[in-house]
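Shared between the two complexes below is subunit A, which pairs with subunit B and subunit C, respectively.
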Partner chain A sequence: MQRLIRSRTGWLAIALLVVMAAFVLRLFQLQILQYGKYTELARASQQRQFIIPAERGKIYMMDGKTPVPVVLNQAVYTVIADPQSIDDKERSQLVDSLREIAGGEMTENVSERLNNKKSRYEVLAKNITRTQAEKLKKKNFAGVLYQQSSIRNYPEGELGAHVLGFVNAAGEGQYGVEGSLNKQLKGRDGLLQSVTDVRNIPLTVGKNNMRIEAKSGDNLALTVDRNIQNQTELALKKGIEAAGATEGSVIVMNPKNGQVLGNGELSDLQSGGFCQAENGSVFVDSASMVPFEPGSIIKSFSFATAIDKGVITPSSTYNNTDCIKVADRTMCNALRGLDGTMTIQGAFNNSLNVGTITAIRKLGNGSQINLPARQTLYEYYHDKFGFGAKTGIELGEASGYIYPPDSAEGNEVRYSAMTYGQSMNLTMVQVAAGFSSLVNGGQYYKPTVLVGTIDESGNLKSSENKVIRQTVSGGTSSQMRTMLTTARRSSFLSKSDKSGYEIGGKTGTSEAVVNGAYTQKGNDCYIYWLWRWKKWCRICHNGTCSGSRKRD
Partner chain B sequence: MTNTTTFTSRRSHGQLRRNQNSTRFQSQVKLGPVAHTVLVALMITVLGLIYLTQATRLTAYGYEAQSLDTKITELSAKKSELEVQNARLTALEKVKNSNVASAMTTTETHYAQ
Partner chain C sequence: MRNSIAKNRQSIAQPVRSHRPMYQIVLYMGLLLLLGLIVMYALGPQRANVMNYAYGTNYSDTYFFGKQLTSVFIAIVAFSAFYFTPYKWFIGERSKYILYAGFALCILLFLSGAVLHLSFAQETNGAYRWFQLGVLGSFQPSELLKYGVLLFLAGFLGRRSQQGKLNDIQETIIPLGIISGLSLLMIVFLQKDLGTGISLIAIILSMILVAGIDWKIFKKILAIVALCGLVMIFTSPHRIERVMTFVQGDSHKGNSSQENKNYHIQQARIAIGSGGLLGLGIGKSVQATGYLPEATNDSIFAVMGETFGFVGLMAILALFTALLLSILHVAARLPNVTLRLIVAGIFGWIASHVILNIAAMTGLAPLTGIPLPLLSYGGTSMLFIAAALGLVFQISKYTSHKALEEGESGQDLSGWRRLRRTRYASGSRI
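Now for the complex of A and B:
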């Protein structure tokens, strides 16, 4: 050993051993002790995560029995430039090309942006179409990039804007169907985790690669028929202009299944043009979100309740007076001078408040709307017709309110007023859904704007809207149809009725409360139903037609 | 080097069972430690080359998949643009203001009594 140490070879061996030991120790430190740290560093520099955006579901309206798209996704591009990479020669060509191809989608001061040599990121145009982007790409400008994104497109313009709602910049649905069914429309984003090359292109090598496919949102088909919706909006606009009204809403519902066929609103709100709106109230769908005092259309429900409980019939009579005493108040008819014996049908035709109060008093002791009468009325209004409770329609919705009979506010005076539609706040959707049950045999359907989904092949998968409850008996419903038809025929409104249709309806007027007092300004409502009668003709040998009628 | 084969009778080693081989052949070729090392190194090299080939091919597939993804995205964009154009051309307002609709005449409707 002593000889080895003393020799040069020995020294070299020892030096090599020390160096080797140093290497081994360093490798041990890097690969064993700091394994986790360096693995993490390598993963961070080599691996990327990409979000695979889910395609938002499209929205369709019906055109008869055919679904037609009213909200689509459109691929659009943002044109981005790196001013430092653009030649001076190309700059003017780029501006000219943008002006020619992108036109109104160009951002302001494009020339100045391109001259800003300190910047490396300037947006030159937003939301250009794929065709426009392709034209620009063909020009092959250096330093210009195209970033793809997706926006909602509304091919029908402002049609049904309140029903549809919009999608905000964060991709979240707001108002209308976009808001209430956002989760269903949005789908679920996917994830791609992968090792990438220097250009960030995912590679298939790597043991931690992961790909979770995006799940597109559902394509929803609405019950709203675009033709009915269009006519509804036109009719509303004309009606409002003719009446000099400031606001108006129309809802068209199929009483046989609760499907909303049209929902018109007076507003210049453009679908997708939410950015231009100066007042947030323009987004509100009044039919479902704004409770109102419905007025005398509620007499249909009051008489239906009394008929269903068997205390009156349409031909029952009572002694009509202009006014009636209710506790310490006096309540009067709008139409005076009809004193004397009056049938319930007559009270309905002339919309007599005294007649409605008298009918509902019969639910109690006959002389007042006492607690049992109020409880019965509340049971029908709230529990059966669904007044003062959310209906579950797939739109933003207010619940409205009616006072319970056992509350301090739910006294005889209030309930007397409620028999003719005052002192209560309901939404149009609630009234329409309840009214549908009055004329369809007593079956209450949840009001809905959703008919089903459209699969990838474009086929409609419709879901059945089931009956939720029975409001009145079939017999009562039949009597109500007769009452409503008779009331319509006795009204001046029937003069414009087209033959071939059976129409029943009830007017309603209520005064608006301003600063706690009723004013002359108020709500005018009309609720009606119609059946179309088809006449099936059989051509006889003498050329005349005969046959039976079929309700459609 | 010559190859020789030795025959060893196993009958003499003990009792044999039925269908059991009674002879065995033993190669006389013997590999030394250097040959072993070279063979192992060769095997490792070949396996390494196979791994590298497969990894490169995988990477190439990755580029191909990426290219197909890009193509799918482009075609989807084209499809969505066509859908939008189709929907715009068949929109109510468009149809109402079309030349065909303008040229139409209204007819009198008779309803069944």
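Now for the complex of A and C:
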């Protein structure tokens, strides 16, 4: 009997040892033999890679010499729920709190979404502010997550909206500076590789964790001055309303360095505000993106070319007629009845097409704009003033086009029309940059909207805009300024000029094709500069002319 | 440790004088409890984090460690209480009342939960297993029932054994079958708790085996148990699921609850496997941050595998083996049949918990939801196991100095020679 007991407990002990031995073998298999396999499985399920989003650079405009922010980043939160983890009792309370705190940002059918227990991811509200998120977080709802993201904030409202552009939902800049300088603004996203807990929250444990910090995008300071920009937009609006035009653009540039100070853009499309715009074209910056036929403002450039080449002076005379024969065509002045001896200045004041054709003919044999004359004009227009080529401005840009003199299309007729700004497609930025060189002593600056960058502590690091080339001689430039101020004074527009400013300008109208026929009402342009303030402004809008004054 | 009053009382009642208890039991138990505390200290913050997220609770980082510390304290109190309360209190007539109380509470739980829907009956997966007692924590009546069955059957089989009727079908086997059947009905069918049911079966089988039942009858009982087991599995869809999950392994895809089980097993294996030889180190468990379900309870062995590695798990297995062998060592040397059966039952109890838990975690057996004794977070399990060990510790004072041979009375006469301490065989033989 007792031996039996001993044998029975012994039997149990042996059974126990056998089982334990089996465990030892199994653990040896799992932890030693298959260690690699399970480590890999663990890594696959535990390790995550996270993108650390780089902060997008802010955009500043100038206010005098001080940069002021016009595009900021705002932290916003998306409220996400896991309907399986939400306490049934809290469900209605959660909906009530959401409605109370962030009613406007709630997604549709929140209650139904919360009751969808099959789902583990439901968005309850989007783009709520930090304050709203903090309030909600205090309520401690189970199974509710707050995901932070960033949206652009515009403290100046719609000021300069087409210059700034916007950032789309994917975080890419579109149009304006946001689009063209997207890379610089975006910075470089960082990477976090880490072991995480089951909610994907990174843990400090683990061997292969690594972190590459994000590099924030550059904060850009634009040359655009917010006051000038605002005035530009207001004046443009007034001018368009007065003229009943459909759209218009203004560009204000500092001729001393090519910086764009204001860039107004208005069309009836944007009257509802940029946010509501259904058509992307409201963001098109016409000044750099839409080539147009500039018209008589180009006379400044053709006379400057002739003066620079020494074939005429402002006081040279010629015999003016209403019309002139060019090859098989006849080209006429808009202003008739001025037959007789006419100075170049007179031709400029009255915007006489025959005058420019006559002047440019002198680059050739005197009676024709022959190939050498065309080559000279092309050299000035294209190579020096930069017409028909991209300027390199930091905005979306079209190149426009002028026909080369040796092409079939670049014949005498076309070049004759080009002397008064027709038969060519240029952008406002091209004309503005070229015009700056006419009045500043012949120095061509790359047109720019960028002053420089702003560092972490808010200091402006400006980059100097260098002269790219000499267009006309200093003497030609000085004569052009005299011609332009004289022209301005002879114009009805000078009545509104303030004393103490040196203002010169040239109007322009070209014929445009409307419904397949040439009409007199095409692009109306005006180009002028205020010398005292060293600011140069040019207005062009479809339909009529408008004056613009800087009152600063 | 020697309590003079208890000693006097026992020395009168027993043919064997009390002597020094088997201190190894306290040592192994203490080491296991300490290990559990260390791991809980490291896991607590992560656990609190996971719970706070999932259930919106507001546990502090030290909450789980604090609770575990409290549980350990209560366990030590229970251990001491069962050590100092004379074992005579538990056997005889009183064991019957403990059994009845266990039955009654199980029925009460079922009625208040499934019929009356009272809030203190806590529902888990459609079954009611716990009384939720607010501040006092939760209480699992099946543990009490297990205790009642153990003590009652020890007395019953002890009497039959002394009467020489141990193998009598009418007198012994049928009443045994009725009591076992009823208690298993409560646990397996009313509470749907197969894990506790299996440990109850292990308790009963250990007792009848050690009681010296005829091998033929024992084999028949085993056959009946196996048959009942198969019937139970195939009458319950969720058990079929568990077995399917186990048999088909990782590749099996089924409904969501099965996928959860599958996920649990897979994550436990990842935890153990990725621990390697030396483990990731204390506080560096990643699987416990929410990947592994029940990380502090049923899955603590897997977390320890990840934390301490193969070496650590070997130490834990060694501790459990040593503890269980000590219990068997005591059982083998007890002249009193009832006491011997109590100790054998406790062996079956603890051994079944250890084996079922570790087998499930290592993927050698299906998941049964049984905690790992002394290491898992959870008051009830720890309380009852510590109490049982306290009882074994007390009973270990009444062993003869060596394993009993035929014809020996087991009377230890060394005390008569006024030796201060009883010498006893230590671990050389079982």
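Quick notes
Keep this in mind: the second predicted complex is superposed on the first by the 457 of 552 C-alpha atoms of A that agree within 3 Å, B and C clash if a C-alpha of one lies under 4 Å from a C-alpha of the other, contacts with A are read in each partner's own complex, and residues count from 1 in each chain.
What we mean here is this: a residue touches a chain if its C-beta (ideal position, glycine included) is under 8 Å from a C-beta of that chain, and two chains touch if they have at least 3 such contacts.
Only a predicted model underlies this, so the values are computations on that prediction, with no experimental measurement involved.
Between subunit B and subunit C, C touches the greater number of residues of subunit A.
Contact with subunit B, but none with subunit C, is seen for A:Q74 once the two complexes are overlaid on the shared chain. Shared-chain residue A:N227: touches subunit B; no touch with subunit C. Of the two partner chains placed around the shared chain by superposition, neither subunit B nor subunit C is touched by A:S92. When the two structures are aligned on the shared chain, A:S149 is found in touch with neither subunit B nor subunit C. Applying the stated contact rule after C-alpha superposition, one finds that A:S315 touches neither subunit B nor subunit C.
In the superposed model, A:V198 makes contact with subunit C only, not with subunit B.
Shared contact residues of subunit A, touching subunit B in one structure and subunit C in the other: 203, 205.
Looking at the complex, you find that subunit C touches subunit A at residues 46, 49-50, 53-58, 206, 209-210, 212, 269-277, 280, 283-287, 289-291, 305, 309-310, 313-314, 317, 320-321, 324-325, 328, 331-332, 340, 344, 347, 351, 355, 358-359, 362-364, 403-408, 430. Across the complex, subunit A meets subunit C through its residues 1-6, 8-13, 16-17, 19-20, 22-24, 26-28, 30-32, 34-35, 37-39, 41-42, 45-46, 85, 87, 90, 140-143, 195-199, 203, 205-206.
Note for the complex: subunit B touches subunit A at residues 55, 58-59, 61-63, 65-66, 73, 76-78, 80-81, 83-84, 87-88, 90-93, 111-113.
Against subunit B, the residues of subunit A that register as touching in their complex are 68-70, 72-75, 129-131, 148, 150, 153, 155-157, 159, 201-205, 226-227, 230, 498-501, 533-535.
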